[in-house]
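Input: a single structure, listed below in structure tokens.
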Amino acid sequence: MPLVRVSLLEGKPDSFKQKVADSIHNAMVETINVPPLDKFQVFTDHSKSGFIYSPEYLNIRHTDGLIIIQITLNTGRTVEMKKALFKRIVDLLVESVQVRPEDVLINLVEVPRENWSFGNGIAQYAT
Amino acid sequence: MPLVRVSLLEGKPDSFKQKVADSIHNAMVETINVPPLDKFQVFTDHSKSGFIYSPEYLNIRHTDGLIIIQITLNTGRTVEMKKALFKRIVDLLVESVQVRPEDVLINLVEVPRENWSFGNGIAQYAT
Amino acid sequence: MPLVRVSLLEGKPDSFKQKVADSIHNAMVETINVPPLDKFQVFTDHSKSGFIYSPEYLNIRHTDGLIIIQITLNTGRTVEMKKALFKRIVDLLVESVQVRPEDVLINLVEVPRENWSFGNGIAQYAT
């Protein structure tokens, strides 16, 4: 159910994207009860002029290695679960692609369960 | 008012995109009272490494033909309307581009009416 | 905190994007209390077949110069603030890139404060 959008500065190899995808997905499985098979992600490469970030915000320094992650998911996760998710995503990304921990920006967009169809035109989560 | 984002594996011809756009739009007009002239959609092609989907989730098989559709729209549609929308999108896509019904993933993101401006810097829907 | 997605018909020069980015950001700083250093934006160029807009909606005419802006931000802005934001974005864009005022479509997606991490895996806004 999560739909994950990842934005990167262009030039990252395929193997990098695959590791990023796996890290984000595994973190969601471990911390917020996302089913292991529920993996849907799209990556977009942006040119330098179309990838704009603050070099420093809240005393956090960002570089061209920034990974911008926007996750659309069901409502219902607690603040503690969200905190655990953020931490785990960064830990796994540091491990898999050696990103600077500062260079991971994450945003969650929450929607009700009936707002998904995974195929066949059926709202599989609607009760 | 709906803003529709469609994500596809790269390589689909222009005619395919046009049919997909029309099918999604017509389904919204028919089932959730979207005005016929209210058509705004952006398509993004993703490379193989940046288009990640579960080959099977909830016993639904997905292939490279997967069409990922994210629609931002006003709140206020009932669950029944959403179900009708999902079904109609898939029916029209099967008709127009012969997609496998399993290969249509839809997500809705709802916002309040005052969150739109369609030009001139005015919130046309705000009351 | 705002994450800004800008969609354009392909072909705009880098200088155009930079001016658009600055105009949107400055408008947010001036009207809705976005911190000056809180600037995160991604631009996507769309081919003609993947950039679909209604030539006229609500008596507003749109052209290929359309700038589609989707801003994810914290909840809490009043309707008046949103109206001021829309107006200021358009005013600044007219000034900086001479866009037709009709050709600016804006959508806001609001999320709770705990839905952001700006680095280090920490939810900096969560209280």
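Per-chain numbering from 1; labels A, B and C assigned in written order.
Operating definition for what follows: a residue touches a chain if its C-beta (ideal position, glycine included) is under 8 Å from a C-beta of that chain, and two chains touch if they have at least 3 such contacts.
No experiment lies behind these values; they were computed from the predicted model shown.
Visitor: Cα superposition of chain A onto chain B: how big is the rotation, rounded to the nearest 5°?
Guide: Fitting chain A to chain B on C-alpha positions yields an angle of 120 degrees.
Visitor: More than half overlap in residue numbers between the two sides of the chain B-chain C interface, or less? Answer same or different.
Guide: Homomeric contact, different residues on each side for the most part.
Visitor: Please tell me the distance, in whole Å, between the geometric centres of chain B and chain C computed from their C-alpha atoms.
Guide: Inter-chain centre distance comes to 21 Å.
Visitor: Of all residues in chain B, which are in touch with two or more distinct other chains?
Guide: Residues 44, 109.
Visitor: In the complex of these two chains, what residues of chain A are touching chain B?
Guide: 3, 6, 14, 17-18, 21, 35, 37-45, 72, 109, 111-112, 114-124, 126
Visitor: For chain A, which residues are in contact with chain C within the complex?
Guide: 7, 44, 46-54, 56-58, 60, 62, 68, 70, 79, 82-83, 86-91, 101-110
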